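A short worksheet on the structure shown next.
Labels run A, B and C following the written order; every chain starts at residue 1.
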């Protein structure tokens, strides 16, 4: 971590399209503002780091009926997909992606099944250390 | 923003009654403690800023079966509605309401359909700047 | 609160197994790192402080179909239950548990029905004061 840059730390616990977009829009904006972004993917969020999973992310039960319409709107707007946004953020050199190791054990997820953009497999201690130094911390 | 007052920044991403109450009880308490409250409404939360929408907010799918009973309890307690709480907070002069512009585009929400209490239509950069200076930041 | 130790403040609004585990894994890790953990249970989270309730916590509607399999995995791993984790955290002397008084009124929950590990029944003001001094604040 740099000493100079402001830092955004996000726990991505959710695995639904609405919350992935929230996290990634915040993250994209942060790196565009020359902030560091530290994303710690856990639980349903961790499962979205499995190759091919993010492309299938949908809306939560409460809003499931709006999923088709939302996908149409996003396509019409040529809105980037969550994975496209993640890759663009990564190109900035300012995004660091952590995969939660206890979740991987709990769900039987192997390292080789994760997307190559993951920087580090880490436990909660790594996240707490980053969050304690961050300027903004969110649990999404 | 004042230099002296403590600041509470909340992303209101949720559009359900339980989370609106959480955000608004925190906000009401904060302004009563002479803190500034900055609420950035995005996604389902943004949709609650459309005139008439907040009055229809319900519980999420997991708790839908408790909605009728909860409304009855709230009425018996003469509990203020979320919109009433928002208007009272606004009267303190310490609440600033931001409507997320990317969400408005995504859902086709026009400025004139929003409640008059909205102070500013803004992107994520505006929120990140506020959150970086805030004493407490929550994503609800 | 000690002046020296780092502080983690969490609003536990959720009452589902996935989010209880997130909160409690963070909390357990924090106290193991000699941080203070301050947990403010509100809404569905508050309802989990009622004796016997935490043992019945399930997954949210979106993931309900995975509940059986998750319970099996946790048992095979000999993973502690949320209540077991809470009691272990409490033994560290570094966890303080607050029960949200407005929620107790809203749901008609009496003090004597809460688990004995609750330290204090408190309103949002108590939480905001702690959060304003905390190093990390999360809304789960």
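Just so we're on the same page, a contact is a pair of C-beta atoms (placed from the backbone, for glycine too) under 8 Å apart; a residue touches a chain by one contact, two chains touch by 3 or more.
Being a predicted model, the structure only gives us computed values, none of them experimental.
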item	value
Touch-based graph of the chains, sorted into line, ring, star, complete or other	complete
Cα superposition angle of subunit B on its copy subunit C, in degrees to the nearest 5	120
Distance between chain centroids, defined by C-alpha means - subunit A, subunit B (Å)	24
Residues of subunit A engaged with two or more neighbouring chains	60-62, 137-139
Interfacial residue positions of subunit A with respect to subunit B in the complex	6, 8, 18-19, 21-22, 25-26, 28-30, 32-33, 35, 60-63, 70, 73-74, 77, 79, 135-140
Subunit C contact footprint on subunit A (complex, rising order)	11, 13, 16, 42-44, 60-62, 102, 105-108, 123-125, 127-128, 131-132, 137-139
